[in-house]
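Since the structure comes first, as structure tokens, the remarks are kept for the end.
Should a chain be cited, it is by its letter among A, B, C and D, assigned in written order, with residues numbered from 1 in that chain.
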């Protein structure tokens, strides 16, 4: 796998290594959305169920075997992420599809694009715990966590979760379906539009808390999040997660006309 | 052309429209480089001549017909860029190839990747003129301009140009050759590796000044700029430039083994 | 004048030199505000008239004799600023007072605090012209300019001006009154609270355009801009400005009880 | 205590509340420095011992009673910090003095200036642990942590610590001496230059690890860190810390001539 910028060693690539490792803290709003409006942001090959997860995430990550970056260039091992994942039916199965995802580092943008994640950059802020700060030392009943994502002048969404009880696991919608996308820009060039499946490997989830959720959805001139209209709030979550992403599995090639 | 994030309107895409318009201010170092070291960062299908242009650029840009962004979301119409362009021979012609290019906005990263530019994000700073600031009101003999690009902890390069005289045009190396790159991540997925040619349209260059140049090249843990070893300083430049990029033209599909 | 960080040379100070030079591009909304709500953000020693200027500004600046920074460290010579200036009566005269001001560089924050400007940092974006970009080559009738300031998750204000005609000068409210502020934190420490007057020196204003204005005022959890309620839009402006600030002149020492 | 921007509620102040709470993760290099060069950055009222601590810090913080910001505006509760603290003798006692300190949020700059910390803004990156990321799940023997601070084009310093053993506590130099600084800018205005003492309250330190240290000190055009010349490496540390800062205690008023 050769990724720009090219060099004889491969050490200048914006994405280093074929697989990546992730440890993250998640704040999540589990909601039901208006299904009609969703059709504007979910390709018609998928049948949205209405359930959705809005999440704010703080990650530590390692690309391939580059553990040296953890101390030599921490900037390339830390990022915040925000995502809107919706539950969809496709070909008889139940999956998660991400109409939107934002991060705050460019290596995460390009790494994600190779998988098919629709990543942009944005300003993502979320509560961080610290064991020696009494006001936010650890998750426990009554503690409030939250945060938001803005891009340019627009507040895209904001979440607040009041923790109530420790639970076994957070809601999930099955494996992730993504669409790898690299359009041609000239005659004869290749256009990639591939439906792929991504399964998180070595998945571990700990410290899962459930609570009451509040969510505010805004809008963006280049981020049509106003297509997400909450009809029911199902719960809020905080948890820690670890996993590995080794790549994707091709399901089928798509044509543009299958999207909308 | 469908670009993530997808929506029925297309208004959430990180790249808006098929062609883009650019107005830029350039500070440039024209140098000769050691040809042997260049082979580590220039694919072997190209024969480097040794001449190179290190540039720092401040752009105002419009994507497609989205002139509304100029006032509704200026963030999506302004960015800084830094580039290392080298003169290469390919198939009997003379061209420019960019081993490295950095910008400070993500829309410019993705827009560039679709063309084949090897863009990453970095911190790019360069002199800006202001007509009412006496110390830097306009280019004239003796005025010094400069700047640098850093990424993470590394200073990648720094330029200083002392303007001497107005000239007709800056040095150029012919049309640009790029390699469109979108590697497969799973079995059966498409890998794009396409040599393409990009010709700037409606090109205008004004206010061209030539002068003495100083250049310092550093290194980066993920940016192997230490492969550029200056053997001769040919001159420094400041100028304004305007152009349009409507897309690229396929020259040929490449295999990974043709790179290094 | 010794400013932190201290050193024997003075070359590490965050503010360099006693006076500073400025060249700026301004986009301004001239409005009338509800006077009652203004009392929450204007100290009661001032009598607000209701007229106000909301502005977005892009500056190039030189601190003292440090013209070398223009090319050695351009980061320390460029910043964006946003300000809310209100017309007030004080002791029989008419002045401008700034309840809020935001910038995007820390040297401008501290330099401003020494003068008495209430500066914070924020994300400030505004239209930039480029002579070789046809869509925004220069101010002329019908051209729209605009921008906004956000801080954290809040849009503080957004302006749009449709240029109509070149005029001789923009609206101003007289000299600026500021309150130098450095509170004590322990017994016996000095508290500074000084009403001072600041007069821009060597003031030049060019390329002044008047037009129609739209303004949206938001709110911020730490920026109570919801106290600015527009009752009338008087006009929008774009212009270039240059000036020098050599310091301030003491009018009188204040006590906290004179503020609200 | 009235801090800009002023309002009737006080809720727009850049610093909220009289005291602040801190929870931090520290990576520290303990070294001996050349005493002669230190005299350029340590006021002559202090006698430097040569011992110094270079640290990189990630903080979660609460200003006053504003725990709501932890979830409503996390941006105002998190920041990175970098500091150079030196051991000094003053009036028969042993203290810590900070010639330089950098942070990456403006509220921390101003909050610090009121205490007398010489804060600027910079890019500060340091290793972060995550319990579910196998490569950096927790401190243990052999784990490497590190990071750096850059400002503009300059790498100011970079640290790497290979953890060896858990120890009881990290090195400290006694209470902190600071110089509150707010110079006059016009005739009759007050100049504050006050030597104060700051004692951390409710101090807790946990998870202290000692190890081998590497340190690289660079230079900055506006940050004269080249005055710190390491003569001996005494050890590296990683630990967690919590404390409260309620203000400072005046020791004595200084004149500029007592500094250098």
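Here is the rule we use: contacts are C-beta pairs under 8 Å (C-beta built on N, C-alpha and C of every residue); 3 or more make two chains touch, one makes a residue touch a chain.
Because the structure is a prediction, the values reported are computed rather than measured.
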Measuring centre to centre, with centres taken as mean CA positions, what chain is farthest from chain D? B
Is the contact between copies chain A and chain C built from the same residues on both sides or from different ones, judged by whether over half of the numbers are shared? same
Please tell me the distance, in whole Å, between the geometric centres of chain A and chain C computed from their C-alpha atoms. 39
Rounded to the nearest Å, the gap separating the Cα centres of chain B and chain C is 35
Residues of chain D that touch two or more other chains sit at 72-73, 75, 125, 152-153
Where on chain D does chain B make contact in their complex? 123, 125, 148, 150, 152-155, 158
Along chain D, where are the residues that touch chain A in the complex? 21-25, 59-62, 67, 70-75, 77-78, 125-137, 144-147, 160, 204, 206, 240-242
In the complex with chain B, residue positions of chain A that touch it: 1-9, 11-14, 16, 18, 39-41, 43, 69, 72-73, 75-76, 99-101, 105-107, 109-110, 113-115, 117-121, 152-153, 179-190, 192-194, 196, 221-224, 227, 247-250, 253, 256, 259-260
